[in-house]
Amino acid sequence: LIEKQKDVSKPWGGRFAAATDAEVERFTASEHFDRRLARFDIQGSIAHARMLATVGVLSEGERDAIVEGLRAIAAEIEAGEFPWSPALEDVHMNIERRLTERIGEPGKKLHTARSRNDQVATDMRLFLRDAIDAARAGVAALESALVEVAEREADTVMPGFTHLQTAQPVTFGHHVLAWVEMLERDRDRLADCRRRTDVMPLGSAALAGTSFAIDREHTREALGFPALSRNSLDAVSDRDFAIEFCAAASILMVHLSRMCEELILWMSERFRFIDIDDAFCTGSSIMPQKKNPDVAELVRGKSARVIGHLTAMLVLMKGQPLAYNRDNQEDKEPLFDTVDTVLDSLRVLTAMWPGVRVNRKVLREAARGGFATATDLAEYLVRRGVPFRDAHEAVGRAVALAQERGVDLADLPLEDLRAFCSLIEPGVYEVLTLEGSLAARDHVGGTAPTRVRAEVSRMRALLEREAQG
Amino acid sequence: LIEKQKDVSKPWGGRFAAATDAEVERFTASEHFDRRLARFDIQGSIAHARMLATVGVLSEGERDAIVEGLRAIAAEIEAGEFPWSPALEDVHMNIERRLTERIGEPGKKLHTARSRNDQVATDMRLFLRDAIDAARAGVAALESALVEVAEREADTVMPGFTHLQTAQPVTFGHHVLAWVEMLERDRDRLADCRRRTDVMPLGSAALAGTSFAIDREHTREALGFPALSRNSLDAVSDRDFAIEFCAAASILMVHLSRMCEELILWMSERFRFIDIDDAFCTGSSIMPQKKNPDVAELVRGKSARVIGHLTAMLVLMKGQPLAYNRDNQEDKEPLFDTVDTVLDSLRVLTAMWPGVRVNRKVLREAARGGFATATDLAEYLVRRGVPFRDAHEAVGRAVALAQERGVDLADLPLEDLRAFCSLIEPGVYEVLTLEGSLAARDHVGGTAPTRVRAEVSRMRALLEREAQG
Amino acid sequence: LIEKQKDVSKPWGGRFAAATDAEVERFTASEHFDRRLARFDIQGSIAHARMLATVGVLSEGERDAIVEGLRAIAAEIEAGEFPWSPALEDVHMNIERRLTERIGEPGKKLHTARSRNDQVATDMRLFLRDAIDAARAGVAALESALVEVAEREADTVMPGFTHLQTAQPVTFGHHVLAWVEMLERDRDRLADCRRRTDVMPLGSAALAGTSFAIDREHTREALGFPALSRNSLDAVSDRDFAIEFCAAASILMVHLSRMCEELILWMSERFRFIDIDDAFCTGSSIMPQKKNPDVAELVRGKSARVIGHLTAMLVLMKGQPLAYNRDNQEDKEPLFDTVDTVLDSLRVLTAMWPGVRVNRKVLREAARGGFATATDLAEYLVRRGVPFRDAHEAVGRAVALAQERGVDLADLPLEDLRAFCSLIEPGVYEVLTLEGSLAARDHVGGTAPTRVRAEVSRMRALLEREAQG
Amino acid sequence: LIEKQKDVSKPWGGRFAAATDAEVERFTASEHFDRRLARFDIQGSIAHARMLATVGVLSEGERDAIVEGLRAIAAEIEAGEFPWSPALEDVHMNIERRLTERIGEPGKKLHTARSRNDQVATDMRLFLRDAIDAARAGVAALESALVEVAEREADTVMPGFTHLQTAQPVTFGHHVLAWVEMLERDRDRLADCRRRTDVMPLGSAALAGTSFAIDREHTREALGFPALSRNSLDAVSDRDFAIEFCAAASILMVHLSRMCEELILWMSERFRFIDIDDAFCTGSSIMPQKKNPDVAELVRGKSARVIGHLTAMLVLMKGQPLAYNRDNQEDKEPLFDTVDTVLDSLRVLTAMWPGVRVNRKVLREAARGGFATATDLAEYLVRRGVPFRDAHEAVGRAVALAQERGVDLADLPLEDLRAFCSLIEPGVYEVLTLEGSLAARDHVGGTAPTRVRAEVSRMRALLEREAQG
């Protein structure tokens, strides 16, 4: 059926009678995306070569030729001069073949006591370790930007919403710190994921380990991994670290999407709570007046692709028998795109926040509507001895009356208020003020300006401490 | 905060006081992926320009300049000489700006009575219409390849499995036709999706339609759309067609993943039901003897990314208010990748099937184990008047005995069989043969070779009919 | 290891030496959810028994006993008096065992020439066929409710949004009809799904068909299926119809979530575009003034579970070899819950719409802000010969000036407007009115009140026609 | 429109003019599933009441009445005698209303200084904390069962697979320990999730905290939470802990699905690597000989529902503005079902493993095929100075020859082997033995029996240590 010349270009061609079909070559090649791992692949190969020399599998001369050759290749790649070839399938074979081109015989010895299976697992972990560090730094940077805003707006009153209905007055700073809390959890989750990523699979070879007397501790230390994988079958097939990262990234992106939803709402004509600097908005090709919060919309939208990638990773691994299967090649593109999306989204939001202007006047006006202090009135009654459930009902009726008259609670005359509960006294109007309501919520987690400032200090100290060490 | 020069490069810059932040420009640009729509964008613009001339918004001279200019741009793009610029955001603005560079004034008139919102929706539908046609043709090609195999192996007996346990003998041709049935449903679903894709949104402008007296029928006919969108708000925000395509593609990829799961099983050392030509397998970097069914594994794995894209599309649209939001820009990459993955997977499997060798001897041997004809024995008893439930139990006991002795049902002496049911007579051994079992299942949907041949004829006629018309 | 009494209660116990582990029995049982299929299971069994009598496998007396017995069981189930037992695994075995208890010997003959594999596939299709009809009727009912609103609010002006920024004036009726368009596509998709669901798998038996000379056409006609499945292996393992339904339901729920997002926005204090009747809102346990749009929030939230079910269905089938595997039992709960969620959500929204009050005054006021008619001004300039791109820029500058002054475009004196373009004449103020803007968009798909009324008539006729036939 | 009697039954009815629509009541009620939280709800309420007494909001008498009343209600619920009512919406209001029925006035005071928003967040965290402990114990139990098997089968040779093709010999114990490694990571992830779950939101009230001088430390200590939430807006809207649990559960279920895939393969007629006790298998309604690995299939299938639930949770939260929205009610059913699925799956697999018989003879026979020691031959050549890449190619050619002749590598005469590489000597046949191959892989992570035993000891010690403390 297929009459081709014997394929001598493949490093595994010995046992094959026919060349790889061209369509198959294209379909199975991964070098166009896994070349991104080149830096880590070379780092791993250098460590591997040095270890092989230590245990006597390579001579010192061979080792030096390999190390030097790999460094030259790294330079070629960085300079964009490396001759990538899809026929050589992946980043590993491209580099190995090039090494042999450059240094001859010793290049053919590099793959002793390892397989692409443990090699790519090592590359991925080295890559992700760095990416997690970058993501954690990116989260911290956004947190810092938010903490600035929180401090500046610690006293700014705004309507807090539940069900998007006016609920109670809160401070803008408190609202902003809610996002900081979410982001802190994200940083924490990423740190846990990093710990589980930071395990070295190298030495597992194809699936069973190797018959050479390798020294895995040597390689581990060279690559800065705190731990060794304990089972070769697991080590070459495990992609938990990548899935866990996508899960942590999905939650992070959901947080960002929630923040962006509010930025979009707040910048709408109906809210006008904030304005975003022109430099962070774009216009319309047809409507000359438009100024759109595109950045926020795109970040909200990009949460979708990350959730999609998480789904893909789980579907990918579901039901796979041990050990390595080629399906796993499909882990890279979603992981890479997740990393890029997270880092880009964090960066652009961090840059945008200083360009967000807070319309304090509008916020205050908004907070005055919607009977935001009705709960304060109920709590006032409780302090006068009314059971909460009865107080709630009485205030509910007062609200109904105020709404009927089209006025606020504070606009109802005392006698009308007293009709709902005779315990109400002239001092009641003080609890109905926005400042009174805010100041009263002065406990851990509460919205009082003093609490906001305390949290700002705490977070700033925490972020600085981490940045230093 | 941000002090930049006024941005004159943006087509919507009039109302803006500050230039777009560079990070934002990079973050929001889509030209690096939506340039793929260029061909359709130009097709739509030519139809639009012609319509504008018909209703008097453009002069004939302006129209001709535009059409000629766009054609020149199409040639530039095809030749890889077009000066793409991310600062111009997307494919639409890149082309419009280039048009004005080339033809001056008339280029600035092209965007009359339209917006990027209806423009991109039109481009996407033109693109997807073609992609669906290609996908349907790809499915048909794979079906044809399978129909060939089914005919060739219409008599080949193999063990049919449920729960991956030997169940009953089936013909290999029947098994292959099961996949053809799945693929036929995929083609059908794609046709339905195409019908809903084939609706023209152009004329909806930004969201409300336009105040120019446009002739949407004119454009519709020029672009070959059978129908017009009926509501401008819906038309610019609707991405149902893309989601529906991803859903149909997901089901298709699940079918392919199921086929590939079996190819992988069948080519394993334990099954040896088939062998796949060397040209469609690859080897190992460490294990010299390996020949792996990589194509099948990759297709199985690629089902994951398509399911991930479907998830992403649904998440993207969930909860979006009308009309267009920038989130929607995120629809393109998953859609494009879904199209590519589907087409590639179909193509490579279609190419591979002629290289699949069926090991008839192994299949027959396998069908003889596992008591595959136990059901035939039960049915034999039913024909002798035993209620099915009792027959089932009696045969179950006979199986237990045979298993204990390590023999097949057909190897049990008549007296032993009669111990379970005295109605058994010497002729029983005929129903226990594989051929007897197969031939007996001769009804619509049954596995008998005659039925397989009938279905092969039916499918071949159907596929030929469609290919012609 | 496990020393138990032989299990005689299982219909497949003949070949087994040990009783089923109690934990396994609980883990594998499905009768607590698949009993929902009982009605369809009995319907299918009656048709099967009648067919068996026709082809001579059952006597007429046996057939009558079975049919009568099954009817009695149906009555028992409806009366809540059926003795369901998890030890009998599923709905099928519960009913068969009960039948034999009631009518003896003939009950043991019912399962001749079929398997639970084709039986459950038939039950599922009968169930889903009904469910799709209910869903289509539910969608039509919601459409009808919306068409009423669209007619009533055909002239009501409101700000149309893109990016949630004021874009152009639209009519409320036009906005409501955008949802109707979405829902029409949903109905269409459901109809296509129904067509593919409406295929009879009965007769496929376990996986290979049966050796009895069954008459599948007889059963098909009795059960009202227009078509027969053509391949027994496919027929027992195919769950495409269920996945496709979940996909169609996901898109539908995304549409509902989008509608609900807007209802929630519109009912917020900041928008006040609508008010929802108290009967469709709920309150807060702590804040006495709260009135929350819970129904809309829950529907928006419920889109998540349906998308989750779709994901689950695809994951379930991915990579399964032919034919039936027990994994498939997991198809029922997500499908049932999807059906319930869709029907409930449609019903409650349909009931709610008449209780939605539209605040026309607020809407008009809102439409006057945000420079909603800037595009009309640009189009005015185009009609005076200015290329659109230049007109866009000039109006953009005019908007910047108006914004600086804190006034609307229509408030700028003529000389100021003319500073941007000398072609502007006194008549310009007419195109800046909301009514002028609306009326001008009078083409298919446009927002003009006349168009809204035309679409209302078209949709009403279409819905009535379908309701009748 | 809606003319109903004023609804006095709702605890928030004060401000409402119309009763809740019956359909809405049914649609929004959650008591039929959130009653599962009753135990935790009461636990939280008791702690809350005690705290209120400490800070003087309740008298000691009121506190005692409440605590006693709640305990009586807990007993009612446990006894199945509690009068649940959907009209009271949820578990919280059902219990509060019942409390007031039982103890009068003080019952109406319990809800002081809290909201259902912080209450349900607390309940969920108390519930999940317990569930995570149960899941971790369940994982440990399965690990222990596997460690037993690993020890027993430390010397059992089997073919290790990559791409489901025979790769290299491994020990059965090593393979089993690969799963233990996966499960250890699951336990670790669950522990991290528990840490983030174990934070008390109570005191956040609706969204802003409360004006009462509450003592959150008092409640925290009573409920055994190590930490307090730091931001009230975040605390009532945060569902990260539930999403993270679903993510950890999804990875765990993917691990179980992978194990089950292999159990299913291994029990197939083609593999016969294992046999599963009758008590853990079920049969067929039609095929008397069938014995199906249903438990493994169902667990594999159930991975789908958990992944679906994770997707649902992420979709649910995506784009939600702060603070609490009713959408969040949809978090419970997927979380509960995830917990149940994980616990059930772990339990049934743990019970099943002792009933898995390993067919050592079949495994050894299988390991002898497929040229499993080809890599050992290549490594032999390397030790004789051949560069690995050349050794790989030479052995590849030897395999091709052996395959052509239909023999194993060890069956090729020395001269034939030497034709590929003259460095081969008679001793080569020793490295081609299975035992030689296994024993040689004696490094951390390798498959050598000694390593398996070392890992068994390590894991056993680790599990025992944890079980004790």
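Here the chain labels run A, B, C and D in written order, and each chain numbers its own residues starting at 1.
What we mean here is this: contacts are C-beta pairs under 8 Å (C-beta built on N, C-alpha and C of every residue); 3 or more make two chains touch, one makes a residue touch a chain.
All values derive from a computational prediction rather than experimental measurement.
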| item | value |
| --- | --- |
| Selected pair, greater C-beta contact count between B-C and A-C | B-C |
| Option in A-D, B-D or A-B whose residue-number contact pairs overlap C-D by over half | A-B |
| Rounded Å distance between chain A and chain C, as computed from the means of their C-alpha atoms | 33 |
| Centre-of-Cα separation between chain C and chain B, whole angstrom | 23 |
| Set of chain C residues in contact with two or more other chains | 11-17, 111, 117, 161-164, 167-168, 206, 265, 283-292, 294, 297, 300, 303-304, 307, 310-311, 314-315, 318-319, 325-326, 375, 392-396, 399 |
| Contact set on chain A toward chain B in their complex | 1-2, 4, 10-21, 23-24, 27-28, 89, 92-93, 111, 114-117, 205-206, 277-292, 294-295, 297-298, 300-305, 307-313, 315-316, 325-330, 333-334, 344, 347-348, 351-352, 354-355 |
| Contacting residues of chain D [partner chain A, same complex] | 11-17, 57, 96, 100, 105-113, 117, 160-164, 167-170, 174-175, 177-182, 185, 188-189, 192, 196, 203-204, 206-214, 216, 228-238, 240, 243-244, 247, 250-251, 254, 257-258, 260-262, 265, 300, 303-304, 307, 310-311, 314-315, 317-326, 375-376, 379, 382, 387-390, 392-397, 399-400, 403, 431, 437, 440-448, 455, 458 |
| Touching residues on chain C, where the partner in the complex is chain A | 159, 161-168, 264-265, 267-271, 283-294, 297, 311, 314-315, 318-319, 366, 369-372, 374-375, 377-378, 392-396, 398-399, 409 |
